[in-house]
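Across the two complexes that follow, chain A remains constant while its partner is chain B and subsequently chain C.
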Partner chain A sequence: MTDSHETGGTGSTRSRRVPLAWLGLTPFLAYVTLVFLVPIGFILFEAFRRTTTTGATRDPVTQQFVKHSETTFTLDNIHDSLQGIYRTSLVTSVKLSAITAILGAIFGLLLATAVVSSSSAFLRQVVTSAAAVTANFGGIPLAFLFIATLDANSGIVTLFLQDHFGISLQDDLGLQLPELSGLSLVYLYFLIPLMVLVMAPALEGLKPQWAEAAENLGASRWTYWRLVAAPVLLPSFLGAVLLLFCSAFSAYATAYAINSAFPLITIRIDAVLSGNVLAGQGNLGAALALLMIVFVLPLTVIYQLLQRRTSRWLA
Partner chain B sequence: MQTPRRTRLAGTAALAALGLALAACGSDNSSSPTATGSSSTTTTDWATAQSAEAGGGMEALVAAAQKEGTLNVIALPPTWANYAEIISTFKKKYGIKVNSENPDGASADEINALKSTKGQSSAPDVVDVGNSFALSGAQDGLYAPYKVATWNDIPDGQKDTGGLWTSDYGGYISIGCNATKVGTCPKTIKELDNPAYKNMVALNGDPTESNSAFQGVWALALANGGSADDIQPGIDYVKKLNDEGIFNKTQVTPATVASGATPIVLDWDYLNVAEGTELAKKGQKWEVNDPADGLVSAYYAQAINRSAPHPAAARLWEEYLYSQDPDGGQNLWLKGYARPIELVAMQKNGSADQAAVAKVPPVTDKNPFVPTQDQVTKATATVTKNWAAAVAG
Partner chain C sequence: MTAGLGDVAGPADLAVTPRRPSAAARRSRNGRYGRWLILTVAGIYFLGPLIAAIAFTLKDSQGGITFTAYRDIFTTSNGQTTLGGALVYSLLISAVTIVITLGLMLPTQLLVHLRLPGWRPFVETLTLLPLVFPPIVLVVGVSNVYAWAAPPTGAAAGTQESAIFHVLRFLREDSHPLLLALLYVILAMPFTYRALDSGIRAIDAQTLSEAARNLGAGWFTVLFRVLMPCLRTALVNAAFLCFALVMGEFTIAAILLYTRPFPVWLAQLPTTSGQVQAAISVFSLLLVEVILLVLGALNVRRPASRKE
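Right, the complex of A and B next:
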């Protein structure tokens, strides 16, 4: 108690609250340590280690092998994770995430603007509820939904276009479900609603008084959007783009269920850690995970900075 | 098909790392596991018994296993090679409870479980893993040596000489084909290269992750001048099929087979035949051919956890799986359209279930394809390096 009196400074009521507040925080801190900090520590540790086996001899009585191996700290895993299929996967992951984040942001913003400016409260309710559901729809059900509609052999839409218009979705329109084009469409299915959910509150934060004030000062609608609304919304818009990017970057199950051979870094991590072909490549998996962290970490920092800027106007 | 063995919900970096973390945590609390099982019998320590005979015979083994009362298994999907019946028959026959953990897990998951649950009562007693995991697990000292009573009926090369692992069941890469949709089905690998099969030909997954896809590529290689030393022609053939628009990259699942999204699938014959019986119920014909120009077979392997929490039950399970009785594991696998490892011997001594044999695609395999571990390692490296470029675009 004496300690807290000295540090608290503003009186006994406040200083007594400090330890209690920390107590309340403990479960959270324990959780963060266990599922976030400890794993990151292991990734950092494992990514730079490699065990090389030089041979093994068998004990004639126990029949067990005695292995001669050596574990060293090395950059080999990092080197390998930037070669061949792993490099391709990283590039494709970034490409897919960037394309879908930007498209998702644009379409999501348009939809959110339409919804927020709608006079029907019912419509707003319905769209936000639907967005909340579809933004969290993913994995195998989503994958099969698209296979059932857009697959080259059996998709309902594919067959409909073929039978009634003679158009091939794959050849004429270039939409290959298991490829970048198709997977982008699938990702947009949950990224656009996510964008609506994130941007709707920001759009609602635009005070009508600002538009009125601008109008009183002789600004056109366009000038208002350009000089008032856009600068206010820009930080939360960019923040949302980053959120979408990270969401797409870390996604895995949906793409895997459509095309498990598609070069994505998350699918590669799965292949080295828990596949049926590659044995004993855990350290390479850690190196790949480290690459993802290296990519996402600066984005998270920028996101935080943008959030701070957003709250200046749209608290 | 193979996918359910590997389906999981999320694979973010954090999750992957958590696996590593748990694996590492688990290895710390290994508390002399070999000693735990020995108390159940007065004379025999089944944890170190290398055969039923060495431990005092089958009766002693059954008694000790029943005293333990439980068997922990892992990664045995009920719809895979008849495992549902194999497990239920074992339960009934011996009155031993079977805990089936993570039924859809992959070989790597099984190895991770052995490492991370070392010394715990929930650790898997036995594993059923792909060949490369059998070899690496033996090298890592994860398995206990044990030779089943029918040891001599298992071909050499399909078992570790010391008994650390033993091949159990397997099959050939086959071409499954929806005859209702496709019309004339391809019977050989060379016949796949036909414009009529546009967008139809699929492997079961990614060859760097799915063993059946990996072996599928090897079968394609054999038909195109490849060998155990050279898997590249298989990759080149897929590239050709891909360039011609014949190769289908959709992830194969029972749903895509049923809906017709993947009309031609290269996969293990026991999975394709099982798929066929399902489709027949819906009035569709699923034809299965083992391609004569690319006969590739592979077998899974059994191994006992070196620190199994139920050492006697684990050994009894092995005796049961390798039993040639009508209700033994070998015939039950055969009923699941898989080829049990003792099939050749069973055909000779007349113990094989002939009705079940008739349902497995016939194969004349004069030069069985058995690549060495070095050849597998080399082929894996080649596929990892060249696969992505071959199927790009």
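Right, the complex of A and C next:
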């Protein structure tokens, strides 16, 4: 209070500055709101609304004209999205994602361990950069790579096994590219590298001193892994499994290019929208999208929490 | 230093108790066999499809070798455009995406870093949100907005459109797919934010900007002539992330009925051109790998040259 003149001076410059600085965030906030939050908000809104031309029918409306329709709030979309073919595709999506997340986590951990424990810096460099590429190599090209390899009629490996060993990939080995087994194999192609990318820093964070200390205290290698390394790695590992699950669960392009009729929730959403943004099934699509959010949102939050817990030990 | 200690402890052990190190050696040999087994299996799994796909592109129906797939790469059309057209289209989208991303994110993140550190968690959370909502969910939202703004189906041709729908339709237009670029900025945000953030943290932005301001530089000079040159690696990384995303993104583009972006074009090629599709797939993977390696080399070289 005594040097009110000076504080008043700085205070006034600050009070002139702070609102200006705050205003600097408006382009970013406006952008995120308009391009992201509003569309997402529409899902929450439209999932609970339905436009009906005839009040009685519950069928998704295929209206030619909507002049006398009425739009009401309802749980019908949510109800429908858990029935019949939608239910099947949700179950299949969860099954595929769970299988590939767990297998991808196990194989990815093995690969990451093999690479991190290797003394060759070159090997580590090559595998890490290859993993960075492959983990992001989803989508259409990946599908065509596997179609060229494993397609039932013209796949190179399919024909090779048939011509040289008389083995049918499809009948003898049970590997059908457009089915759960084949799609799992394809998904692992980008999930294993993702696991390597996530786990490699965690494995490198295991201090050699811990292993030495354990060994000096008489622990076997197995005891060390069970009592020291595993507890430290566990949050990171579980987090990675969730990340892989979400990644597989959200994937669309690869499965679509291999088998556009496969019952996955993402493919089903596409079919509901059927590419036509003006068709009247947007509400059912919104309900299905909401269903996906209900799965992915909690898993991502848990993943973030686990990551935070991991960083306590593996800084 | 700790490694040195470990090196000394090993041979010392060997001299005192011969039994344990032999067990350790056996274990490490087993470990090495295990490692090579894992690496071999991984190598077959990850390289196998690439090699098989290359073999597939070279095979003709008589079992001989043919290069027709490579001849047809530039002429095969999905009914709308050929490879060149698709690549140019996607490159344009990625250029717009990069410009919007950098124009939006860099000032915002610098502002948060220099002036509004209290806002950091909020801004960071916002940028991470797109990870929680898969592209297919976002596109459902966009089509719902579109359907809401659109005039009712079957309405007379003269019915006036709402201003929002006018804007949306302008953004969606096939000739200048701004809508895609706008959405890709959001999809890339979790990654571009982190790329820029690590760059901004690595330099002393506070001191640099204050020094420049003291020397009489305006904010424009600070941004373009002081901070951005220091951040070029981070800017290149962020730009590459945008580029890679745009070049691979299929879901949103396909559902919004675009036919000319590269991944959509690739997927919509006629079924008879399987060899062309495989050839382009292999090359797109190799191309991304090469770009990543080049960027990696850039990232490694920069700090080293600064130290000198």
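Some points to look at:
Here is the rule we go by: the second predicted complex is superposed on the first by the 260 of 315 C-alpha atoms of A that agree within 3 Å, B and C clash if a C-alpha of one lies under 4 Å from a C-alpha of the other, contacts with A are read in each partner's own complex, and residues count from 1 in each chain.
Basically, contacts are C-beta pairs under 8 Å (C-beta built on N, C-alpha and C of every residue); 3 or more make two chains touch, one makes a residue touch a chain.
The shown structure was predicted, so the numbers you read here are calculated from the model rather than taken from an experiment.
By the touch criterion stated above, A:S129 is placed in contact with chain C alone, chain B being left untouched.
Within the superposed three-chain model, A:I258 lies in touch with chain B and out of touch with chain C [touch as defined at top]. By the document's definition of touching, both partners, chain B and chain C, reach A:I147.
Ranking chain B and chain C by residues of chain A touched puts C first. When the shared chain is aligned, no partner comes close enough to touch A:S181: not chain B, not chain C.
Using the contact criterion defined above for the overlaid structures, shared-chain residue A:Q162 touches neither chain B nor chain C, since it reaches no partner.
When the two complexes are overlaid on their common chain A, residue A:A114 makes contact with chain C while staying clear of chain B. Of the two partner chains placed by superposition, only chain B is touched by A:G84; chain C is not.
After overlaying the two complexes on the shared chain, residue contacts for A:T74 are found with neither chain B nor chain C. Legend: residue contacts after superposition of the two complexes on their common chain; A:G139 is shown touching both chain B and chain C. In the superposition on chain A, chain A positions 35-36, 38-40, 42-43, 46, 63-65, 67, 139-140, 144, 147-148, 154-155, 250, 252-253, 256-257, 266, 269-270, 273, 275-278, 280, 282, 285-286, 289, 292-293 are in contact with chain B in one complex as well as with chain C in the other. Note for the complex: chain A touches chain B at residues 35-36, 38-40, 42-43, 46, 53, 56, 58, 62-65, 67, 84-85, 88-89, 139-140, 143-144, 147-148, 151-155, 170, 177-179, 250, 252-253, 256-263, 266-267, 269-271, 273-280, 282, 285-286, 289, 292-293. For chain C in complex with chain A, the touching residues are 2-3, 6, 9, 27, 31, 34-35, 38-39, 42, 45-46, 48-50, 52-53, 55-57, 59, 104-105, 107-108, 111-112, 115-116, 119, 123, 126, 129-148, 150, 152-155, 182-183, 185-186, 189, 244, 248-251, 254-257, 263, 266-267, 274, 277-278, 280-282, 284-285, 288-289, 292-293, 296.
In the complex of the two chains, the chain B residues touching chain A come out as 2-3, 5-14, 16-21, 23-24, 50, 105-109, 111-112, 130, 132-133, 135-136, 138-141, 145, 162-164, 181, 199-200, 203, 205-211, 213-214, 248-251, 253, 255-256, 259-263, 306, 380, 384-385, 387-389, 391-393. On chain A, the positions that touch chain C within their shared complex are 17, 21-22, 24-25, 27-29, 31-32, 35-36, 38-43, 46, 63-67, 107, 110-111, 113-115, 117-118, 123, 129-130, 132-134, 136-142, 144-149, 154-157, 188-189, 192-193, 208-209, 212, 221, 246, 249-250, 252-253, 256-257, 266, 269-270, 273, 275-278, 280, 282, 285-286, 288-289, 292-293, 296-297, 300.
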